[in-house]
Structure formats: C-alpha cells, structure tokens
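Pasting a structure below so you can have a look.
Going in written order, the chains are labelled A, B, C and D, and every chain counts its residues from 1.
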Amino acid sequence: MLVVMDQNASQEEISSVVRAIEAQGLVARPIPGGQRVAIGILHNQGPVDPLWLRELPGVKEVIRVTKPYKLVSRECKPADTLVHVGDVSIGNGHHTIIAGPCAVESESQALAIGRLVKEAGAHLFRGGAFKPRTSPYSFQGLGEEGLKILAQVRDETGLPVVTEDPDHEAFDLVEAYADVVQIGARNMQSFSLLRRAGQSHRPILLKRGMSATIEEWLMAAEYILEGGNPNIVLCERGIRTFADHSRNTLDLSAVLVVQKESHLPIIIDPSHAAGRRSQVIPMSRAAVAVGAHGLIVEVHNVPEKALSDGGQSLYPEQFEDLCQQVQVLRRQLTP
Amino acid sequence: MLVVMDQNASQEEISSVVRAIEAQGLVARPIPGGQRVAIGILHNQGPVDPLWLRELPGVKEVIRVTKPYKLVSRECKPADTLVHVGDVSIGNGHHTIIAGPCAVESESQALAIGRLVKEAGAHLFRGGAFKPRTSPYSFQGLGEEGLKILAQVRDETGLPVVTEDPDHEAFDLVEAYADVVQIGARNMQSFSLLRRAGQSHRPILLKRGMSATIEEWLMAAEYILEGGNPNIVLCERGIRTFADHSRNTLDLSAVLVVQKESHLPIIIDPSHAAGRRSQVIPMSRAAVAVGAHGLIVEVHNVPEKALSDGGQSLYPEQFEDLCQQVQVLRRQLTP
Amino acid sequence: MLVVMDQNASQEEISSVVRAIEAQGLVARPIPGGQRVAIGILHNQGPVDPLWLRELPGVKEVIRVTKPYKLVSRECKPADTLVHVGDVSIGNGHHTIIAGPCAVESESQALAIGRLVKEAGAHLFRGGAFKPRTSPYSFQGLGEEGLKILAQVRDETGLPVVTEDPDHEAFDLVEAYADVVQIGARNMQSFSLLRRAGQSHRPILLKRGMSATIEEWLMAAEYILEGGNPNIVLCERGIRTFADHSRNTLDLSAVLVVQKESHLPIIIDPSHAAGRRSQVIPMSRAAVAVGAHGLIVEVHNVPEKALSDGGQSLYPEQFEDLCQQVQVLRRQLTP
Amino acid sequence: MLVVMDQNASQEEISSVVRAIEAQGLVARPIPGGQRVAIGILHNQGPVDPLWLRELPGVKEVIRVTKPYKLVSRECKPADTLVHVGDVSIGNGHHTIIAGPCAVESESQALAIGRLVKEAGAHLFRGGAFKPRTSPYSFQGLGEEGLKILAQVRDETGLPVVTEDPDHEAFDLVEAYADVVQIGARNMQSFSLLRRAGQSHRPILLKRGMSATIEEWLMAAEYILEGGNPNIVLCERGIRTFADHSRNTLDLSAVLVVQKESHLPIIIDPSHAAGRRSQVIPMSRAAVAVGAHGLIVEVHNVPEKALSDGGQSLYPEQFEDLCQQVQVLRRQLTP
C-alpha cells in the first residue's frame, strides 16, 4: 500500500499520516520523491483496510501495490495445476473439449447428444439440470431428474459430466451425480457456495462473473482453495461491455493474464460469450490459438427445438467440424 | 418479436421463416416495408425462445419488441407500491433514510451509531451481520451474534433494521431478526434466494447487480413478486464502467426509468457507488433531486477503526448535515 | 512511478531493474517491504515511458504514482478559475445556464428560441452551425450561414453564444462569430484542434469524450492551457456503458473529482446524456444538487419538427419550469 | 422504425401517433399484436428523426429496425472488397502483415526496422510521423521529416508504407508520402477528416474508436465511401471496458460481424489493444484464427529506448517468430 501525498502537503500532514498508520500497528516508510512524498505501508494484512487513509488531510491517493490473492498465485505455487477428472487431465499441455446441450431436456435428447459429441471427440459432457434463468417464466431445468439422466449419459458414453450447481443447498445433490461441479457466472461471488465448493471432493469449474476483474475472479477461486479444494478450472465466458453485436465480449487476453498470475487451468466458453451460433466456431479457434486449456461448447441435436439457448447451440455436424479444426490447430501450436 | 429480413431475401426464404414460426404454434405476420420485409411474431410466450430464428437463411436480425416483465410493470399495476415497515412507508411521496455502519462490529458500536442516526433523522437502521467479502481473509461479519445486536438496536432506538441475507440457507435466520431483508448486488441473480424471498413476509431490499440492465433487475424483482411477496424496494448502487475515479458509476437515470416502467419504490446507495466519503453527501443530494424514494448510507462513529468500508462511512456530524440538507431539498422539491 | 517486483525476484533481477532505470538518467530508490521489494523512480519526466520496465525479468507490475497533468491541476493553481463571457461569469459560486436548439435551422427558429430562453433565464445561447453527425446522410448544419444567425441572436437578445467548432480548419470562422467555442466529445482528443484552441482569445467549452477517463480529459485541457488559453469550461455529457436505458450514463461524480483535482469550472449536459426529453429536468436538478457550475440544455420551439435531437429537446414551457426549479434549488444550496 | 405502444394505450393515442407519422410525409402501418399495438414506419429516410415519437402519449418505445449504413453494407455490394497497395492485396483470401515502430524516430532506426520486418515477412511498413499523444509533453513525432524517412524506407525495402494522418490539414502532406493513410481511433468520428479521406486516391486504414459500436464504425466508413473512395481497410484495436489487465479489450467477434455486414476487409491491431509485449503474439494468433484479413503490429529494434510504446513493441526475433507462426496457422486454416 502506498499513500501518495499532495505536492503541497505540509510536514505536519505527512507526520500525521505516519502516526495514523503506526496507530494501527503497521509500519510506515516515507519515500521523499522529486515533487512529493509517498509513504509505503508494510505488513498491511491486518483487519483494517488502509483505504480510509485516502480521506486524511494532505493525502492525494492511496494505491494498492500487492495483489490480495495468495494460494491461487503462481508466486505461491509456480507449477501448473493439473485437474484430473477420470482419465481426463485439464491444464498444462492438455486441451480439453467439454460439449453438450445447454439444458438436459429428456433422456433421449441427452443420450443422443452425448453419443454424438463423444463420437466427434469431446472429453467431457455438459448439460444443465438446474438452469439459472433471467425470467421466472422460462424453463428452469429438470432438477434431480436431469442429474439422473446425466449419470446415464456418463454410463453409456464413458464421458465424465459437468453440470451447474445453482446454490449451496443443491450442492450435495449435484456433487453426488456430477464429475465436475460448475459455479456459474452469476454465482461467482456467492461466497457460501464458494465455501461449500472448497470442501468438495469434486473439481470445480468456476466461471468468471460478467463484470468481474481478474483479481476478483482469482479471489473467488482463493475461497475454494482456502477451503481445501485445489481442483479448480477457471472459465472465461465473456464480459459485459457497451458492444451489442455479441451477447458479451469474449476477453481472450484473460487467458494470458491468468496463466501468468496463477497456476490454475483456464478454458473458454465461446457459446455464452457469442450468444449466436455463427460466431462459435471462429471464436473457438481463437481460444485455441491464444493458448487456453480447453473449450466448453453448447451442442444440440435439434437446436430449433431447444428449450434454452437454441440460437447459440451448434448442429452436430458443426461440432464435428469444430473438433477437427481444433485438432489441426493444436498440432501446429504444440510442436 | 420482430424478424427483420435481408433486403435481398428471396420469397422462399420469407415463406420458410413464416413456416418455422408457425411450426412452433406461434402466429407470423409479414410486414412488407420500403426496402425489406419484417415478420412480426404474436403470442411468443411459449417455451422456445424465438431468438434462434436469427440463424435462418435470409434473416438479418431478430428484435425483441415486448419487455419480459409482467407483475413488476406499471402496465400491470399502474399505482405506486408503498412498502410499510413498522410506521415507516417507503415509496410514492415519501423519502426514507436508512443509515448505519457497513458491518455490525460490536454491541457498543452498533448502539452508539443507532442512537446517533436516529437522533439525526434516519428512519431505518442498517448494519451487516453476514458480510460478503471479496477476500476470504477479510472480516466476514458476526453472523447470528450480529443479528441479535441489530434486534437490540431496534429495541433501544425504535428504528426498524435492514440487513443483508447472504444466501438461501441463512434466510430463515435473517428473516427472524430483520425488518427488511436485503439482497446484495452480487446475489441479484441468485434465483433460489429470490424464490425464497418471494415467500417471505418481510419486505425485500433488492440491490441492482453491478452490471445488470434495468430489465434484468426488474426480472429479478419479478421472481420475488411472482413468489407472492409484493413488498420490494429497489436500490441502485452504482454500475461497473471504465471510470476509475469512483468505485462504481452511480446511474441516477435508473430512478427515472424504474419509476416509469414499474410501480416499485427505488432508493439510492451513494456510499457503495462512491467508495469514498467525500463524494457521499453531494451524490446523496443528487439522488434526492432526481426524485429517488430514499437513501441508504453508511455511517460510523469511528470510521478509521471500521472493520470494513471505513473510507466511505460518514462521520456522525456529516450524517447530521446530510439529513438537514435532505430535508431542505425535499421541502423545495415537493411543493 | 513504482516498479513492484515478484515475491521471488532474485537480487540480480532487482539490481538489473535498478541499472535499467539509471541507464535512462532516472533515479531508482529500492523500498524493501514485508514480502517483496518495490523500486521507486524519481524524476521520470523524461522522454522515455518507464512502462516498458513491466517486461523485465522479475517485474510484477509498474504503477504510475503521479498524475501527468500540471497546469490544470489544483496543486499548480489552488484558486478556482472564473471564466468570463461578456457579463457572465462561469465557475466558483456561479451557476450558468446555456440553452438553445441542437442545430440552428433558420433565422426565425433561432430567434424565437433565443428570445424564449432569454426570457426564461438562460445566460448564454447555444446552437450548432456545424453538426457532427454519425451519418453522412443527416442534416449537417447551416455552416457559416448558421454562425451569422447566431450573431443575430446575440444582437437581439444580448445573450453570448456558444457553438461547436468541428475541426481545426473552421476554427477561425467559428472564433470570429462565437463567444465561446465548443469542442465536442468526439473531438476531445483531436490534438491539432486543442492546440489551435490554446491560441484562441475565446473561452473553450471542452466536452468529455464518451469513453475518456478524467485524467485523459484533464490532459486534453492541459493542451489548451499549455498553448496559452486559460479560459476553459469542462462539460460532462455522459459516458458509454452497457446501460441501454439512456443514451449515455451521466457520471455526476466526475464533477466532484474535477473540482478536487482541478481549478477549472465544470458544467453538465443532461440532454445528450439522456437522449430523451423526459429525463432532462430531473437529471438537471441532480446536476445542480451535486454542485456543478452550470447546465447546457437543448430547447426547441417545435421539437417534433427539429432537424436533429428533437426527442431530447425541451419544450419552451418545460425550460421555464427547469429555470425556476434551478433557482429554487440554488437558493437552498448556497446559504 | 417500429413504434411500440403501451398495453393500455387508448385508440385515440394510437390514432394520434399515426397522424403524427403521416404529418411528416411517412407511411404508418399499425400492427395489432397479442397484447399491444405496434406501428411500423415505412420510408423513414427523411430529415426528421422519428425517435422523437418516443415522447408521445401512449408510446412505450421506438425501435430502429433498419441499419443506417448503405454503401458499406454487404446488402449493397455482396462481393468482398479487395484493397490494392502496390503489389499487395488486402482482403478476401489474403492475410496481410503490417509492421514497424510506433513512431519514426530517426532515419537509422526506421531503416533498421524496415529491413528486418521486410526480411521476416511483413507486407507493409508502419511508422508514425505525427503522433497523437495524450500528453502535450510527450514526443509528438518528427512530422514531415518523419514522412521523408518513411519514403526512404519504402525506396530501400520496397514495402509500401502506412502512416497516421492526425487531422484534415495535414492530409495533403501525408497523402503525398504514404501509400495508405491511417485514421486513428481518436479520429474515427472527425467528420471533416473522413470527408477529406473520401476524396483521396490513397487507401484508408480506419481504426475503430475506443468506444464505437460496429454501426458507428461502419457509418464512419460510409462517409469515406460516400465521398468516392472505395478503398478502406477497417482495423479493430480494442475497446474500452472495465477490464484493467490489458490496455483495451480486443473484440475479436467484431471481425465476424463486420465480415457479415460489410464487404470491407478488416485487420487487427494487437499491440494497442494489449499495451504490453507479452500479449501480442498470442493475441495475433487468435486474430489469425478468427479469420481477420491481417495484422498491424509494433516492432522496434531497441524497445527499451523507444520514444513511445516501447513496452508493447516486439523485439526483432519475436516478430520473426510471429511471422512464422502466422504462416503455419494460415496454411491450416485455408485448405
């Protein structure tokens, strides 16, 4: 933490800030500069947030110097985390494709899609049993019935399954059926859910909140790690911006920053970012090219009858095409 | 819903879109225009989202015409909703001030602040017992102990209390102590929490999500209303933008749009939007001037020792000043 | 400038950063902290931007400590700047209302509106002669003909006139007719225009760019001041955000930050921020309440026939109402 | 244009909107729906913007149905535009790499970089002679001296040169030396500059404004096309969002939308979007993978001595590496 003083701050104001810092048991270190004084604060992990110093006389600004995350940081653990799900590994050197419908709608739908994505090359199956929907009048998912269908898909195809847990309450249930528990973008800062996920024996797929900074996202992962669960896969799914030609703006540079700051794997969800089918394949290629550890993509056997997100779900043959393109790209990128 | 066709769309493409609409049991109404055809869709409240039409050949765009909210809309209920909390009324013609510390830290702190905000003119007391914090290492609130202290503040000052419920699980507990249950910005789309709030006998203070459109916010309120609870107070608390000189950007025009679209009362939280004390009083004045139904403000007796948000909490004398300024302004604005 | 080192940075990496700083003639001052070293850079006003240090081995981050603006800053000139236009003063303690049509459309239109806004209480007249329009097919203004009409309005009403200069080329012409030359939001970083404005004997109304930070905005003003023209009025007119219920999001906290950081006056344009008439009066009240030094508002005698921005222009009687409300508010706010 | 009426709008209100539309010489076509009436407006290319209808009694919303651009649209010209610069073609099926320093600093610097980017595989040389800088105290470019050096680079390497024109005034000069004239992001809506570019015999590289929608960007290109110059290359360079881990957020989906809506080529500038060297190569790969028609990249022989943007300029060997990666990727993507 660095307290930057006004150019015209008096000696008394400077001393007064130093005393205020020391009164909280912290160490203040004044740094005289060319035009003004700055005061470094050491050991500021205490309970009181020194941002309040901003309001003292003679203070121009208070700047945070150190990132607040610890366990998720590469400084803390330099080697990449590999998350294992059955025989599948997610992270360092691997590229994992997760595919399936937005929502599980019926046994026949889920099984049909499960078989075709497996055939095409997916490593995990996705499908929503509990659907967080903006409107209370929209299809909300089949609930436990949907989870049972997911288990059937796993049994039949051998693909581990990923599904979203909507809240703390349903966690036990979801954990019992799913191989990977997804925490959705809207829940990225539902802290009791994060704490429960920290006690889970399942890997967690943690989506980035629609307006979360990378720091906030890594802090959400910190909750899970701090709770004892080291198996976290981050997922960028588009951020909210003024741009209105895609549902959200896919922030691919987040992959690079996460890989620099953290040891956790990071994958991309092009379907929710785009919100329209025609953007999904090219944005997936971009995600592979930037170096993400995988993709999570929506696929439906009859998109025009899908109960949710039909407009962004790939047709089966498109998904096959995508898998082939990914394979070719990967071969070039990892010599 | 309006399907806008390409200027060069063939007659066959147009017919094909009409057939696709009708195949879903909806009514298609082609509207020939100067340069292109548009096709209106009537009765599109079915389970399938017609946005998928966007991907059909010859389709340029699909435009939503009708807002998805019903019960929260003024079209559905033209008269303003008045929310009653004890003797206090929130909404139409009233201006309500809610004040207190960010977090309940101790009995003596809460009581001291409770007395002083009551004295200065607050109508309700606020204070967090469960604190959603970005970092797992920050002070997380006193939990039930905090709720008991809130009850004491109510007993002693006569002020009804508002406190945040962090999740579905804690709802029963919070509901038992609080007069108004707050749903925080990060939980605006925690749908199981919204459904639980819909069954509550307590009024709900629903904060706008940091990147929520007004439509999404009203849809969150729709969940609560649809569940059976008509007592909702909306609260604008700043949105996330590129601007970095305040914590968030207070979107005061939201007050006007909400008041036009909905019958629900709307108040302003200048403290969280600003993130720094010096902006709180002037932004509060602006909130009153724009016509909001009230304010929720952070006040602390010793801000520099606050365990959270000290930098944005008003000093007692500043809060008195604010209350006087509000009174004067209100007198002028409501002749 | 502060270079923050990795927690695990080696002594050699630290020394190497120090040497790189010194190689550019700057002073490096290492600050050992609890967990990591930071290195302060003194006297970094040289030609080379030290941000490149970010890419050196062992460097975690480079943080700017000092704001780049000088002449516009309150540190440089503590007293408020008062801008004089004829008998009107803009700034400290004054509240100035600028009103008129979006575009000058004809002599009769401009004169009619000029008379009525004068009558209602406006201090300056506004009207566009050169209209920057998103579409080449829209009405582009009357050009010099429009400037002549503006001069007529001034002659007849006694109101000084404000009009936008679209580019460097037209500056001489606009300067010859206008009392205040406006630089529009889209031109906030047209640097040759700013340099020309710096040599003008006219006050400049400098609108904030739609996505400009306050720092960038003040730096644009710095160009004008540095060129020799101290008479600048800043104007906040809404920023671009994800919110779609107003044309832009009016950022009222900018008023507070500008008044803290700079000595220049700042006014608000509620018409362009809102983009719809119904929001203009309440947002104007909010602007007054927050403490802006004035308003610039669009008024039209027959808005439904306006050649631009008809939907956001006030009717004459609404403008009268606004002026009365402003007067009442001002009386309360400045005891 | 579609006027959506309130659910409770009276027949009189509906008729009144119809009359208002017809009073402006437009055609109104009421469309009775399930719950409300909408009124289509045909032939609304007149001078008055029908958005003002939004404020009439009984009107809920006014929705634009048709995009305002004409000449830039694929509806108007279905075949891809190929822009020719010397022997180089930009657009459909081609992938063009433009590289060079941010600013021309000296003859020896420019020639050294010109030779090495040519050697590595660049098709055009870039270099700024007039530098738009946020600060008046930063290096502003060598001006005409810089243009002359660019011509030398062309003579010696055979690479056509791209350089930014800062304003209308300098256009003749820049046009005399450059093979492609760049209009920067800050000038995307400097309309007199766009009009001048419309009369140029040089191709124009038009960068997207930092907060421009695709519609606004295409309208800027429409100015140039409408002026008579069909040779335009669009360039996405990152948009302003809340994300702070890159200078701007590169919006790669813009490539897909531009290619669908328009016949103009579109390239990517990863250097300015990223603002830091380490992100440039992976984001370039993503740009190639998404299908952009090319890249414009900053390269410097001694980045740590660069007078601007040193932190984001590639080292020579990095640029060679990039060119090879691009070649490999392109081979896979275009079978």
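In the analysis below, contacts are C-beta pairs under 8 Å (C-beta built on N, C-alpha and C of every residue); 3 or more make two chains touch, one makes a residue touch a chain.
What you see is a predicted model; the values in this text were computed from it and never measured.
K.L.:
If each step moves to a chain the current one touches, what is the fewest number of steps from subunit B to subunit C?
P.N.:
1
K.L.:
When C-D is set beside B-D, which has more C-beta pairs in contact?
P.N.:
Pair with the higher count of C-beta contacts: C-D.
K.L.:
I'd like to verify one number: the distance from the centre of subunit C to the centre of subunit D, where each centre is the average of its C-alpha atoms, in whole angstrom.
P.N.:
25
K.L.:
Can you compute the centre-to-centre distance for subunit A and subunit D, using the mean CA position of each chain? Integer Å is fine.
P.N.:
31
K.L.:
Distance from the CA centroid of subunit B to that of subunit D, rounded to the nearest Å?
P.N.:
A distance of 38 Å separates the two centres.
K.L.:
Which parts of subunit B, given as residue numbers and ranges, touch two or more other chains?
P.N.:
Counting only residues that touch two or more other chains, subunit B contributes 211, 240-242, 244, 278.
K.L.:
What does subunit C use to touch subunit A in their complex?
P.N.:
So the residues of subunit C touching subunit A come out as 2, 4, 6-8, 27, 29, 31, 33-36, 38, 40, 42-43, 61, 63, 65-66, 75, 78, 240-242, 244.
K.L.:
For a test of understanding, state which residues of subunit B touch subunit A in their complex under the given definition.
P.N.:
Spelled out, the residues of subunit B in touch with subunit A are 20, 45, 47-49, 51-55, 68, 70, 132-139, 166-170, 186-187, 189-193, 195, 210-211, 216, 219, 222-223, 226-227, 240, 276-278, 303-311.
K.L.:
Would you mind writing out the residues of subunit D in touch with subunit A in their complex?
P.N.:
Against subunit A, the touching part of subunit D is residues 211, 213-214, 239, 241-246, 249-257, 260, 273-274, 278-279, 282-283, 285-291, 328-329, 332-333.
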